[in-house]
Amino acid sequence: MTDPHFDRAIDRSQMQVFDEVAIQISAMNKWYGTFHVLRDINLTVNRGERIVIAGPSGSGKSTLIRCINRLEEHQSGKIVVDGTELTSDLKNIDKVRSEVGMVFQHFNLFPHLTILENLTLAPIWVRKVPKREAEETAMYYLEKVKIPEQALKYPGQLSGGQQQRVAIARSLCMKPRIMLFDEPTSALDPEMIKEVLDTMIELAEEGMTMLCVTHEMGFAQAVANRVIFMDQGQIVEQNNPHDFFNNPQSDRTKLFLSQILGH
Amino acid sequence: MTDPHFDRAIDRSQMQVFDEVAIQISAMNKWYGTFHVLRDINLTVNRGERIVIAGPSGSGKSTLIRCINRLEEHQSGKIVVDGTELTSDLKNIDKVRSEVGMVFQHFNLFPHLTILENLTLAPIWVRKVPKREAEETAMYYLEKVKIPEQALKYPGQLSGGQQQRVAIARSLCMKPRIMLFDEPTSALDPEMIKEVLDTMIELAEEGMTMLCVTHEMGFAQAVANRVIFMDQGQIVEQNNPHDFFNNPQSDRTKLFLSQILGH
Amino acid sequence: MVTVSDAPEPGFRLSQLIYDTRYRSLTIQVVVFMLFVASTAWLVDNTVRNLSAMGKDFNFGFLWNRAGYDIGQMLIPYSNDSTHARAMLVGLLNTLLVSALGCIAATIIGVFVGVLRLSKNWLVGRLMTVYVEVFRNVPLLLWILIVYAIFTEVMPAPNAYRIDPATGEAAMSALLFDSIAPTNRYTAIPSIRFDRPLGSLDLGWITLSGTFLGFVAAVAAGVWANSVVRRRAVAVQNATGVRPTTWWKSVLLLTVPAVVVLVATGFHLNLPTLKGFNFTGGTNVSNSLVVLWLALTLYTGAFIAEIVRAGILAVSRGQTEAAYALGLRPGRTMSLVILPQALRVIVPPLISQFLNLTKNSSLAIAVGYMDLRGTLGGITLNQTGRELEAILLMMLIYLAISLIISGLMNIYNNSVKLKER
Amino acid sequence: GTLDDVKARGELNCGVNTGLVGFAAPDANGNWTGFDVAICKAVAAAVLGDASKVKYVPTTGQTRFTALASGEVDVLARNSTWTYSRDTDLKLDFVGVNYYDGQGFMVRKDLGVSSAKELEGATVCIQTGTTTELNLADFFKANNMSYQPIAIDTNAEGEQQYLAGACDAYTTDISGLAATRAAFADPENHIILPEVVSKEPLGPAVRHGDNQWGDIVMWTLNALVAAEEYGVTSANIDELSKGTENPEINRLLGTEGDLGAMVGLDKDWAKRAIKAGGNYGEIFAATIGEQTPIGLARGLNAQWTQGGLLYAPPFR
Amino acid sequence: MTESSAAFVRRDMLPPQAPPATQAGVLKWLRENLFSSPLNAVLTLAGAYVVWWLVAHSYPWLSHSVWNAGSLSECRAIIAERWGADATGACWAVIKERWHQYIFGFYPPELYWRPISVFLLLFVALAPVLFSAVPRVLLVFTVVYPFLATWLLWGGSPWIEVMILVGFVLGWAAFRIASRYGSLLAVSVALAVPALWWVFAAGPMDRALEQAIRLAIEKVASDKFGGFLLAVTIGVGGIAMSLPLGILLALGRRSDMFLIKALSVGFIEFIRGVPLITLLFVASLLLNYFLPPGTNFDIILRVEILVTLFAAAYIAEVVRGGLAALPRGQYEAADSLGLDYWKAQRLIILPQALKISIPGIVSTFIGMFKDTTLVVFVGLFDPLKGISDFVRADFNWKGIYWEPYIFVGCIFFLFNFSMSRYSMYLENKLKRDHR
């Protein structure tokens, strides 16, 4: 069950000092029309925690994560991100969004802008950072994701793995305190998955608060503090990775694990 | 080199009684304009044989298979299918086509018809089967490919794997004596490949004559009587799967095998 | 762990109107609505003041006054004693007539050309491309003028059909057994006469001829009977698998009832004959109609050809191959697989071409065809000086036609939409 | 009022025909000339002192009255018939008549028709948006005849249709027919039938309600007519304006009294108007008279002293 | 097992061979392209007959062309003299004599350089929009171009145009400054500042500058515009002005705010539901009713307004298509980065959507360019009927119509055909660019 990809697994013992709440979700419900997608979600994420969310397709993982930066609106319950409650107040929403970075399955880079422009756009227009400074930050993060030489290319000229790393760098340029990942590797070819996961592991090592929807169980085992299993819009099980994989409690989880680890 | 998917590999020893010729291709050549795609193809397929055709992209695999039911015209040589020679005689072509089923890479279901209508269309209009009877046959084959409950849906509402299984069922409804498959799984997501391959294995177990272009080497090992390797429009090597994979003769084959089995 | 305590629920603040997503859109809409109302009021106020400055009012009463002018081409009885409203109706019917004829002919031409453009025949393919490009890239008005010029310049005057007493011969003779005589002012065609007409039905506004109703009823009965036969054929096919041949039954059912009615009412054609200046006896279809119809047809046909071509190309090759691989013949493949799919792609843009054609028929002004714009928006407007009323009414009528057609199209679109996940 | 607008603008907006040879048509360089155009020039000369300060607004039969009513043009000098309903219902004021016309028919000689009463069943081309189509309907109705109207948009098209034989007869004002016929390659093969089926007094029109402006246009026209009556021509006007024994001429040319002030103009207004293109007779002769290709005789449009209808009220 | 299933290895590869004779050569081409089946053979013969018929009927006329003559009758005399009394021929002399009026209308000939340079500069202004290789700084010229073109075409003092441009610049500056304090404020300030400038400051400034620095060039009144100059002015002006309006309408139509959506849909459907000609009549007959008493402006300007509204409705539909083609992910990415609606539209959505829409905009332009011929019905001198009727009002050229029509038709065809090819090329390029 160990995976050679993740030999740099983080030594968790050294970092278990989570004393500040980053995200607090309580009794949250969400409906699409009459369809109840998220049911009574309660979840507290502490600063520096790395959480992996797993679950079958359609179980509401993406929806949950998108509620956290209000790409979707929840209908009842409460979501507090970094001390700011998400209501319909635009100012709060803006504040939360500039604190929370998000990486999508399909990268969603802006194809008409160069990589550098992709990275500096939000800092310049939202954070009002001078252009020069924004570019310096951008180059710093590009080096971090190991593709500084691509700065002046357009997204279409990059491979999928490179694009996803740019997407991560783009989020980082806003200096977010929390990062959300929605299946960041599932649109990638197998060779490229590793380079993206490596980047994410590096981030994790630096203590970034992360919520990550993924099916890469190797990654979960290597970096997560906690694995959350969702089904039918509910959190069915949560546990530390070791117990989650080796000793799942609910039947639903067992079935799921047997499916995804089976092949 | 064994694959857990194909644990139901067919016991070949019991079925090696191929005494009737199903397809006979001799000295066949084909050109696209001045481009010589198929060169001097000689191939005899016996009834009940299961042949896998492999080879690099552009080597003419699809063209060869499409010549067998005259979706492409050959310019010299002879193709005899089930005792009927393929010439420009329309009656012969109709006869061959109703004997030979074909499954395409992109399913090619008719999107404006329900699954059931897709399955009954050809039996009703070509075989002149009463509708009731055609529908019964259709349901039989739908059960066989394990999706009888989708009968009244439209192709657009099904997943790729389900669509490909419908496509197989559609061919089977014409009760063909020979089935041609042109990369039936290459447009599918990994989870769906297995369900389609399972269906094909089941068919093979029943003794259907099959010609299958595929890159699924596990499938080839599990069910093929013979693997044919093509390159540059020619048959470069043919052998039984065991020898083909473990003891390839030509350099071209070795190179190819190292590439596709390598990763 | 730090718990976040509930912040006290603040009361309503004014800034929420802008910063709260719940109120923000409402605020914006209210502002926009007020701007809209204000500008509408401004326009209306200007209009009222301008009207009163000119001593005019806004009043549709003029529609009931005597029109006083004649119209060359009409579908319902009209004379210069009729009202402006009736003149408008004549114009509207003329608009609909030329549009309907144009849509039918343009569709036929478009389908032919579109299919021929796809043919492997090099020469025909090129010819059709030339036709499409030439017609699409030159203004419609030019085509109308050119066709008009061809008709006035190239066609003979009615006089040319007159038998010259000196030689005993005419310069021109009519086509098709003396039945059709194209001239430079109209095309004389036979008119339809009945020896034993069936009376008529007076609806006040329009009078429907009983013969016509009888004919329509007979045709409808034939169509209905034909559909019964076809349904039966389908039932037989479902039961036995073999479809009985029905085409000869269809032909009979579709023709016999109509013929019977025609014979019973003593139908015959009245050939046009030259008398005085002009042909009489037959029907003279004015060239303005023919010219407008031809030009609209050829112009729109070029656009429809492209639509048809694109529609057929939109059905992927794989569909044909799959059908062939199942043993379907090319004809059946076309009717069972390709056409049903291509139609979905073709029909919506086709309808919008129909709309364009209808709107373009307002270019009738160039050939003096008395359509809606020529009557209501032309002579009536000019004789009564009621430009505000006339133009608004005319725009509303055109708008209503458009909305009705596109409404029908939406119904069609929804009914054939491909089911997706 | 309009006068102030025109003065402020420094330009007279004059509505004219889009192209009727002799009455109003641009020449190869785009300069407008013709009988109606001369009225515009005279008014501009009277009001602005410069006959070239005119903006010609080509109007079709459809747009002409709206152009006037909406203020797009200050005066409409476009062979328009003075009728009761136009003067009242359409809120226009016709200020006089510059050409007495009547509607007639033109046919080919070889048609063998010598009277309009023989046009039973004929196809007739008419320009839409004019009084002609009403007159035509009335005429055929009165004579209990049938006809087939072919509506055309402009005179140019009417000609084309008629020449191509698309209609047996072309009907419009006789002046227009004459102008059209004059331009034919074979004018001798076409005749204008003797019947005059209507009275068509053509004259300039202004908006209803601005009487000062109406007076200016009316008296400019009268000045041109009076000038002919008194023998004032563009050749001798400078001479005469030094003073003559005829007090009427003196008043007209501003040598005596100040008639101009009564309409808000200066003394020399009429002098300038006459100088712009000559008196009525000179204008007529230069644009549509017998010496021109159009070749219209004075006929009704002669001075009252010559047996015509032109009769300018006295200037006093 | 039969021998066929025995192992087989090919050691030497077969070289490609030439195809059999039936697969290549002229004969094959003829057989495949012209006579592949009886039906095809019939079609070929029918097509050949049509070509022959067209050539046979037009060739004599075209071959008897006269280029030098002073009038139609002179032309006819020359033709009769050269090719016999019955010969018919084309009299291109009319084009030779009047071509400048077809192109420029009544624009003063000594000033032709002005429209010509406006036309050439148009391509300079378009270059940065159409070709990404062109340096971005040229975009400044694109912005200035409309004002420059207006000034060059109509002449007079340039200060009015400059003042209007300054208004836009002020609005933009105000927007930049105010956007620090919230986007809604920024939008209102950006609208208010230029409005105030135009109403109160622009007029006096204009007069003052005109006194100080005289730059006026000769004025050319609108009624001198005609021919293709008029068509291009109306067409290009209409498209350029309708773009912003069309974009707003497209955004409105996609808005979730009911009222805004309803108003946009209502406007678009109304305009698209009525013929252009009725809108032109509105321009010439009704617009004055709707504006405050006493307002009165140029018919070209009024036509331009209605044409702009007309084009805006069509452009809106084109842009809507472009917006719909953008994946949802682009909106979500913009949202998640904290960009607000207008910033997201301006920086992310519109640049992409407009690029996709360029082929559609070009097609709309072609349609509008063709439709400019309709202005003849409100008394303007369009190249097709307006100028031709005017030429025919000349005694010398009475009765000539084929030649002008053919001339004008050819110019229209060349213009539109090249533009439609260009938009097809763009469409293909876009298809390739999208992966």
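Letters A, B, C, D and E mark the chains as written, and numbering starts fresh at 1 in each.
One rule holds for everything that comes next: a contact is a pair of C-beta atoms (placed from the backbone, for glycine too) under 8 Å apart; a residue touches a chain by one contact, two chains touch by 3 or more.
Because the structure is a prediction, the values reported are computed rather than measured.
Asker: Using the touch definition from the top, list the chains contacting both subunit C and subunit D.
Answerer: Common contact partners of subunit C and subunit D, which must touch each of the two, are E.
Asker: Of all the chains, which has the CA centre nearest the overall CA centre?
Answerer: That would be E.
Asker: Please identify which chain has its centre, taken as the mean of its CA atoms, farthest from the centre of subunit C.
Answerer: Most distant chain from subunit C: A.
Asker: With centres defined as the mean of C-alpha atoms, identify the chain lying farthest from subunit D.
Answerer: The chain farthest from subunit D, judged by C-alpha centres, is B.
Asker: Once you count every C-beta pair in contact for both, which comes out on top, C-E or D-E?
Answerer: When the contacts at C-E and D-E are counted, C-E has more.
Asker: Can you work out the whole-Å distance between the CA centroids of subunit A and subunit B?
Answerer: 43
Asker: Taking the mean of the CA coordinates per chain, how far is subunit B from subunit C in Å?
Answerer: Computed value for the inter-centroid distance: 51 Å.
Asker: Quick one: report the Å distance separating subunit A from subunit E, using the average Cα coordinate of each chain.
Answerer: Measuring from centre to centre gives 48 Å for this pair.
Asker: Where does subunit D touch two or more other chains at once, residue-wise?
Answerer: 66, 153, 157, 160 - these are the residues of subunit D that touch more than one other chain.
Asker: Spell out, as numbers or ranges, the residues of subunit C touching 2 or more other chains.
Answerer: 18, 149, 365-366, 387, in rising order.
Asker: Within the complex, which stretch of subunit E touches subunit B?
Answerer: 1-2, 4-5, 7-11, 13-14, 16-20, 22-24
Asker: Inside the complex, what are the residues of subunit C that reach subunit D?
Answerer: So the residues of subunit C in touch with subunit D come to 54-56, 68-72, 80, 149, 152-153, 157, 159, 184-186, 275-278, 280, 284, 286-288, 365-366, 368-370, 374, 378-379, 381-385, 387.
Asker: Enumerate the contact residues on subunit B facing subunit C in the complex.
Answerer: Spelled out, the residues of subunit B in touch with subunit C are 69, 71, 94, 97-98, 100-102, 104, 106, 108-112, 121-122, 124-134, 153-154, 156-158, 170-171, 174.
Asker: Enumerate the contact residues on subunit D facing subunit C in the complex.
Answerer: Its residues touching subunit C are 61-62, 65-66, 69, 89-91, 111, 120-123, 128-129, 133-134, 136-138, 141, 147-153, 157, 160-161, 164-168, 208-209.
Asker: Inside the complex, what are the residues of subunit E that reach subunit D?
Answerer: Touching subunit D: residues 73, 98, 101, 105-106, 221, 223-224, 284-285, 288-289, 294, 296, 299, 377-379, 381, 389-390, 392-395, 398-399, 401 of subunit E.
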